[in-house]
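Multiple structures are listed underneath, in structure tokens.
You will see chain A twice below: alongside chain B first, and alongside chain C after that.
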Partner chain A sequence: MTSTFLPDKRTGPGLTPSPAAPGAGRGRARRRALHWLTALGFQIPALVLFGVLVLLPILFALYAAFFRWGGFGMPSDYIGADNFTRLFDDPVFLGDLWRCLVLVVLSLAVQLPFALAMAVLLNQKLRGRAFYRMLFFGPYILSEAITGVLFGMIFAPDDGLADQILGRIGLEGLGGEWFAEPSMVMATLFLVMTWKYFGFHMMLYLAGLQSIPRELTEAALIDGANAWQRFRSVTLPLLAPTLRISVFLSVIGSIQLFDLVWVTTAGGPDHHSETMAVTMFQYGFKRYQVGYASAISVVMFGISLVFALAYQRFVLRRDLQGATTTMRGDGK
Partner chain B sequence: MRTSSGRRHLPLHAILVVVGAVMAVPLLYAVLSGFKSTDELSRNPVGLPDSWVTSNYTDILGSGAFWRLVGNSTLIAVGTTVLVVAVAALSAFSFARFAFRGREVLFTLFTMGLMFPFAVAALPLFLLLRSMGLLDNPLGVILPQAAFGLPMTIIILRGFFREIPGELEEAATLDGCSSFGFFWRVLLPMARPALGTVSVLAVVTSWNNFFLPLLVFTEDTWWTIPIGVQQFQGQYSAQYARVFAYLVLAMVPALAFYSVAERQLVGGLTAGATKG
Partner chain C sequence: MGDPGLSRRGFLAASAAAGAGITALSGCGGDSAGGSSDGTTTVEWWNISTTEPTRGVWAALAKKFEAQNPKVKIKIVQLENDAYKSKMTALTASGKLPDIFHTWGGGVLRQQVDAGLVEDLTDRTKDFADALLPVAKEPYLLDEKLYGIPFDIGMIGFWYNKALFKDAGISEPPTTWDGFLDAVRELKAKGTTPLALAGKEKWPGMYYWAYLAMRTAGASALQKAYDDKDFTGDAFVQAGQHLQELVDLQPFQKGFLGAAYSSPTGQAATVGNGKAAMELMGQWAPVVQADSGKGLGDDLGFFPFPAVEGGKGAITEVFGGGGGHALRSGAPQAAVDFLKFFASEATDRELVEKTGILPVLPAAESAIKDPNIKAVQAQLKAATGFQLYLDQAYAPAVGQEVNDSVAALIAGSKSPAQVAQSITRTAKEEQ
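Then we have the complex of A and B:
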């Protein structure tokens, strides 16, 4: 299995072969050039669109990050790496990094295991499982803006549904200000994120579980493995590639979190739920410190890049090894 | 396994009911609250409405502003989808059916696009769109959405195009079909399921997009539903019941679309995440 973000070295079936006509060198060269131009011709619209609207802005952010610049005209006040040194002295930005890490850890330690448990549960023959799958996945297709406004009202202090329910069952002590309280805002945000996103990961796991041949778990059952052993030694290793992709998507999602935060708290109270993207937005679009905001973009870019490369190098690579060792292990 | 009794599954069902309740209650709460007056909502936030007030819903449905948002969101979603699928199909065709120098480099370039958060490009993209005069213009959202949708669309379509047997292409060539003729008359009709999948993904992504319309549309002419929801809450923040009704109506199109296109949507998301 290859992941979507790995360069793929395979050549597909039914490729139009490079014409290697036996004729004269010149005619052959011309035909090859023609073939190349045809192939590239089909790429031109995608290249233009992607180049102008994706690559160019990213490269421009890399450039603008080295200037003091308000966003009008071209940047001219070159200040070297000052934006970056300022960034790593900025308690808000350092807090952004810390909060990003907190969300990543919570997602990997709580949200994804929960999604996996639900996937395993709904992979069994249970009455109503199609309904539950649809219900759990449903929130994923709602807009973050709608989700944010909805939960902003559900977690409204006192009047909101959350405090009302806790009050009625005698647990007022657990309620509170939710999004408005510095010590609770990240936990509340994570709760909403789990409500919205765990169904997506569950669907990925379900697809992975369904591709595991039934014979393997049945063989383990005959060998006397109990349910936990079957899960631990058969299901989990075979699900590893799916898990790795899901972890990757979850981390990248935490790095770029914006919509949900912007709609519920706009980073407040007093920066306690601010993310890198929100800080970037504040400086770039509200305070017109575009050079400084670009530096934040560049750091986000750098973190994503380092993470993606390291993940490919150290984690995804094991998919190949895993596949061979698993096959050997099962081939008894 | 099948022989095990329903009783053995009882604890599992209990878990599902609890989780299901946590998932469903926020949505049901919004629907019910929309049928209350704001007065009643503060007196009786949890229970059923005393008298079912429909005016919150009907007022919104009777206003042109809401339908304008729906129209804008639809236009932008359709525009984005047509553009990204057309451009990505051409590119995926070339990746799947041609061996050419630089192919792997180019493909890696596109797949790298998946790794980078949109937020990284947001600021310079905004400046670029401003200099191109595309602010407050639907193209200012359609073009970047299509560009950022390219990597995933190309990857899914390339995988599908590669599975179509080479003999078909040889036969078409012998019949005098050009490369484009084969693409247009043979490959695309055969790829309808894959085109459906990527189209559904593009529609949902565009429909829910918040960040880009927030940057591009400074005036309300072209606001889409997510922007409208946020603005409506800001405007009527004291009238809870109305905001709930608005939220519910704003959810309906996405949920309706999900219920008819569930298979393509789930298939596309899992294929996009697991197949390369």
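Then we have the complex of A and C:
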């Protein structure tokens, strides 16, 4: 088989008349079929992996979400959409959705603008610029578990670094129960998230900023634009593709947040920092109610999917045009 | 072109052989009872003793047994606690268990017994099991039949700082709940944090509720409520109310809702560093206090959970658990012999001396050196009732719901009645 199509492929279909073909049309169709088959052949390993490791689990979770199932053997106790009605009745899960929204909004309104400001600052000529870039990007390289343990110590009541510092400057009243106070825990968590992730977004923006031609900013300068105008009308529009990707990553990350929460608070106190992924873990691996946990994962998947598709369709469309390869080209 | 082709074929052949080998091996694992042609029996022993010194001591014991029984080979398989639990759940589903395996008894063991996978040891171990401490055997007794042989037993109680108690003018540990609340008030008045609690981990908080429920409703009530799927009885609501009384005194350390158990800023370290006067914890508490904090040395004392006035339970009823070994159904006689060897006085003394566990044989008691462990042992020996740790006695979902609801009560977001209702609802869902 290899020997029959490889030469064809090298010279390109349609360039060399095939000597053995009695009817050009039929030969062409056959070659085309062969061509597709070859493509398929090369894809089989990837398709199998993708199917077994990604598609099948998704479909199975979708299936298991309709059962009361403890996770062993095959699901057999079909209960219709009960898991889902229970889910949307559960104050913890509704709280998860609310907290997810809060994190998304805070990330977009605080974390990303902060990252952008730092990027713009570090894009200027500044002594020790490389050092600062490395310093701010550093936290992103740390594993989430280590970050969690670290901040668990920093925010420990009384003995922790945060309380000690506040105590030394005479602000005891502010210190105390960072991760332990229900009304404080989300703010503390967001602080840690920002510390961990803003460096990553800053790096994205820096890369974007450096691809903006200097001539444009210089031209704006000659036209008399002030710093804000140059940023607003030159830098920002040209940085837009990077911003769009960064927003996308940030939102998806917030929806799926798990490690950091699990290590620092395990969702507590009293569910006040629980996320969808933490609730799912609790039900799936602590309570062995895998059917219910599957329902949570299905909802999480649904939210991520709808967001991703909508975002690609309406926001990323311009950026993606021409960026993806299709097989349509060769038929013309 | 020939060579790569051959090697590819060779590779295929090799992997096929490997595959067949694995199948054959797993086949062996399943029915090692038969033994090999030269008459030696290989017994697989699955345990969770992955840490020293226990790991080494147990391996040496297996060697000793092999020396005494030349025709028996002990194959040790060690897994870390959580990994072991998930592996065993999978094995239970597949219907094949190891010859000798670690068990905590209770609901999980019952599940395995109901599946017909566990050997009934009542008659086969009668000659040595009768000598064991009755309370130690309790978790493995199902419908009056014995399915496991214990090697460790322990209980939950209050570990307290004698110096801090003295400072607050408390001469004797309290024996009643009202007395306990008074002690908490006195400690607070002295500026001492009365109790340390790991709010983040939830299970240490559950101990309070479980013990209070035992004291108000009696030792057998928790198991009965689970079997009946009804925790709404007055006594359970009262247990919650008593806990509420304690929580209202704000007895816990600063930031306890976010505290872990064994971390350097956790519950054990808080007590171990003298920053809180008490914790409600199992017999392992002194070790963890000294490991995560400084440890209290001679200042550390133990007293049982106080009785509740007017409650059905007595102060001599204990909440606890231990470790034991069960056999798969149809396990060879060599496995029973090993259990006998492991429950012998010589072995028990060695385990008590070298691995710091509590003896399961009254005859091995003299091996205990630590006065606090002696106090725990005395309490266990005189126990008039027993309740196994709820997460082993109950299905996982129910156990977790107890932890979760009690945590909510302590955090102030659930009332005692709501706790009882939540647990009942989850128990009913589990059928």
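Descriptive notes on the structure:
Please note the rule applied: the second predicted complex is superposed on the first by the 283 of 332 C-alpha atoms of A that agree within 3 Å, B and C clash if a C-alpha of one lies under 4 Å from a C-alpha of the other, contacts with A are read in each partner's own complex, and residues count from 1 in each chain.
Throughout what follows, contacts are C-beta pairs under 8 Å (C-beta built on N, C-alpha and C of every residue); 3 or more make two chains touch, one makes a residue touch a chain.
Worth saying up front: this structure is predicted, and the values here are computed from it rather than measured.
Within the superposed three-chain model, A:Gly268 lies in touch with chain C and out of touch with chain B [touch as defined at top]. In the superposition on chain A, contact of A:Pro157 is made with chain C only, not with chain B. Once the two complexes are laid over each other on the shared chain, residue contacts for A:Phe179 go to chain C alone; chain B is not touched.
Shared-chain residue A:Arg214: touches no atom of chain B or chain C. Of the two partner chains placed by the overlay, only chain B lies in contact with A:His35; chain C stays clear of it.
Of the two partner chains placed by superposition, only chain B is touched by A:Phe200; chain C is not. In the superposition on chain A, contact of A:Leu126 is made with chain B only, not with chain C. Judged by the touch definition given at the top, the superposed model places A:Met276 against chain B, while chain C stays out of reach. Of the two partner chains, chain C is the only one that A:Tyr288 touches; chain B does not reach it. In the superposed model, more residues of chain A are touched by B than by the other of chain B and chain C. The contact surfaces that chain B and chain C form on chain A in the two complexes overlap at residues 71, 152-153, 159-160.
Only residues 1-2, 6, 9, 12-13, 15-16, 19-20, 22-27, 29-30, 42, 45-46, 83, 86-88, 90-91, 93-94, 96-104, 106-128, 143-144, 146-148, 150-152, 154-155, 158, 162-169, 179, 183, 204, 207-211, 214-215, 225-227, 229-230, 233, 240, 243-244, 247, 250-251, 254-255, 257-258, 262, 265-266, 269-270, 272-276 of chain B touch chain A when the two sit together in their complex.
Those residues of chain C that touch chain A in the complex are listed here as 89-90, 92-93, 199-202, 253-260, 263-265, 395-397, 400-401, 407-408, 411, 413, 429. Chain A meets chain B in the complex at residues 1-9, 11-18, 35-36, 38-43, 45-47, 49-50, 52-58, 60-61, 64, 71, 118, 121-122, 124-128, 132, 134-139, 141-146, 148-154, 159-161, 164-165, 168, 195, 199-200, 203-204, 207-208, 241-242, 245-246, 249, 252, 255-256, 258-259, 262-263, 276-277, 280-281, 284-285, 290, 293-294, 297-298, 300-301, 304-305, 308. The touching residues of chain A, counted against chain C in their complex, run 68, 71-73, 152-153, 155-160, 176-182, 185, 265-266, 268-271, 282, 286-289.
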